[in-house]
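The same chain A turns up in both complexes below, where it pairs with chain B and then with chain C.
Our next item is the complex of A and B:
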């Protein structure tokens, strides 16, 4: 086994690029859904909070791979349209982690001390100002550690898109393996190292954001 | 669009593999629980030569995808050390090792939650190290972690479809085979989703109820 046979790297790095792209798009979808569903669950209107609760329980209660397969194999038949694998992957991963993220948003907003809300009402803040200037900045600082964990889970979750034919890092590794099976150990060692590096980098970025959110707080 | 006759036809075939899915979950969970305990202790060890490498390995396992770890078990082990595992055993070990790193954190939090005075009291009462762990620390640190462990059990159950990648014939694999032979993916995949929901949602509610009850008990204990 030649672990540092560098000819393995170019295909793996092109796979890593796809992995990182899917991670980025799905993170954006998940983040948006986290806030939409998280706020919706706090709504006074039963219809809104109920719908959000159904969404969250549905996507947390089934598994990511089942959702991926459903989006890729079942939904196109149901709607009679073609859904590109990339779109199916981003939607499924975004919806799944959005459901988990919305719980983070909901619980951290609920965890902001009540006195903060009361004080901002007493100071005549509009509900929008109250959310934007008082509650969200405090909740955001509490959200980041959980979002960081979810971000790593999301990155790892993208490895499943290989099963719906996307050419991500995992796929490239499996392809390389079919060319030269004697390289199996080297290929998987590289894949593990690349995923670990990506995860560590993401952890670092979120740490920076955490530090920034903590500035001026206690 | 939705074929009810076909639905009823394939439902028994899907239900037939539910026990395999549950067996894989439970065996992996037991494996993870068993491995998580020594892992937690090693990570907490005062010996840096033990705690640092073990922490690094656990971090590496947590930050890399389960599916790759499963591939390592079924593709790398046979060529490197000549060990061939069946899909079920490989799945159990892979899922078990992956989640043991999560469970070790749960154990750690449980152990750290035991007040320091308990350790001091057992030293003062001349308890041996084994007795301190078995009679004082563990009985107090395990109960609060039960809801969290329950959540991980449910999470692991939902991870079992990943085992289809190493050809374990579980729910998703069966649905895909059914779907590809009839090209009716909608019914098969929707049923799999529903089966997961029907099994995991009530379990999640149970865990939440347990959590609330324990919090309430903790609250009343604090008042006393």
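Our next item is the complex of A and C:
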């Protein structure tokens, strides 16, 4: 066994590229859904908050794997359409982590002290300005650490996409292993290192954002 | 004695009529009638839970009256005409009405993510739509007035309680309200910081055209700056009059008891201060 056998690297790196792409797109979908569903949960209209609550419970209550299968295998049959594996993966992962993210949005907005809203009413800000200028910036600072955790979870969650035929990092590892089983340890060590490097990079980016958002506190 | 009450000739700027507020089936304000004249300085005193804060919050539109009406500048605050009927005001109406009213809170409620300067400028820019350079100029003038011109780039967390409250006063004042509400603005402060905030308020009180409603436990302060003092208890105004009438010649047993209790506490406070000074 050669742990640093470099000929393993090119296929693994091409897998990493797929992993990172899926991570990026599904993060964007999840982030958008977090805010849409998070605000919807806070709506005073029962239809809106109820719909959002059903979405959140549905996607938190079932596993990502089942959601991936459903999106890729079941939904196309149901609607008689074709969904590319990449699209199915991004939608399923986005919906899943959007459900968790919306809870973060909802709870941090609710956690901004009541006095902040009252002060902004006393200064005659409009409801929209209160949210945009006063509440959201403070909630955002509280959201980032939780978003950071979810981001790492999401990255690791993408390793399921090889089950719907996508050639991500995990898939490449599995394939390499079928060629040469004696390389198993080296392959999985490389996979560990690459996932860890990706996670570290994402953590770093979020730390930067956290520092920027935390201005004035501390 | 009545010649001490200032002669306000104009119409009242605020008119509470028969205002009742119920929280969870508890009547917190009972059929309150109260007129505030333009520029009048009113101090509101009374025991805890007597409804003082509620009186101010109803005017700031932070609470809605259960029944009764409040007029500001002769216009209904919490109601508006709609197809010939009087209905609960919408946000647009409230927004227009609020431009005459400002409030300073017990716990400052400064915006922690903004510098001191931006705290004071923010509403000028976004609510009054004043261009940034002019808004900044106005904000700086007010921060100077409250003695914080050297702290404008700091964040609220970097200031003392007294400084925070002075920023909050500047922030309310910069909007030029016709009525300014102060809800126990020194109660959350360390004793040694109370004076600087009261001094700032005394300075503002010299402005003749801003009416002020001050909820306070600082009796000497109330006496010094108020044209009229209201004593509330159990959700009603039990007694009102000039500072002399209220402090020298209280009529109702409840006010007498309240003042006696207050005086005792202060004597005790003074006694312990003297003791501390003697020990040095």
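Rule of thumb we're sticking to: the second predicted complex is superposed on the first by the 217 of 218 C-alpha atoms of A that agree within 3 Å, B and C clash if a C-alpha of one lies under 4 Å from a C-alpha of the other, contacts with A are read in each partner's own complex, and residues count from 1 in each chain.
The rule is short, and it goes like this: a contact is a pair of C-beta atoms (placed from the backbone, for glycine too) under 8 Å apart; a residue touches a chain by one contact, two chains touch by 3 or more.
Nothing here was measured: the structure is a model prediction, and the numbers come from that model.
**Q** When the two structures are laid over each other on chain A, do chain B and chain C clash or fit?
**A** Partners fit side by side after overlay.
**Q** Calculate the angle at chain A, using C-alpha centres, between the directions toward chain B and chain C; round to the nearest 10 degrees.
**A** Vertex chain A, arms to chain B and chain C: 100 degrees.
**Q** So, does A:216 touch the first partner chain B, the second partner chain C, both, or neither?
**A** second
**Q** In the superposed arrangement, which partner chain does A:137 touch: chain B (first), chain C (second), both, or neither?
**A** Second partner only.
**Q** In the superposed arrangement, does A:124 touch chain B (first), chain C (second), both or neither?
**A** Second partner only, chain C.
**Q** Decide which partner touches more residues of chain A, taking chain B and chain C as the two options.
**A** Touching more of chain A: B.
**Q** Given the touch rule stated above, what does A:61 touch, chain B (first), chain C (second), both, or neither?
**A** first
**Q** Check whether A:159 is in contact with chain B, with chain C, with both or with neither, and answer first, second, both or neither.
**A** First partner only.
**Q** Closest Cα approach between chain B and chain C after superposing, in Å?
**A** 20
**Q** Just which bits of chain A does chain B share with chain C as contact spots?
**A** On chain A, the chain B and chain C contacts do not overlap at all.
**Q** Any idea which chain A residues touch chain C in the complex?
**A** 113, 115-116, 118-127, 129, 133-134, 137-138, 141, 215-218
**Q** Which residues, counting only chain A, touch chain B once they are in their complex?
**A** 1, 57-58, 60-67, 69-70, 73-74, 77-78, 152, 156-157, 159-160, 162-163, 170, 173-174, 177, 181-182, 184-185, 188, 191-192, 195-196, 199-200, 203
**Q** Given the complex with chain A, which residues does chain C contribute to the contact?
**A** On the chain C side, the touching residues are 60-62, 91, 95, 98-99, 101-103, 105, 107, 109-115, 122-123, 126-127, 155-157, 168, 171-172, 175.
**Q** For the complex, give me every residue of chain B touching chain A.
**A** 1, 60, 62-68, 71-72, 75-76, 79-80, 158-162, 164-165, 172, 175-176, 179, 183-186, 189-190, 192-193, 196-197, 200-201, 204
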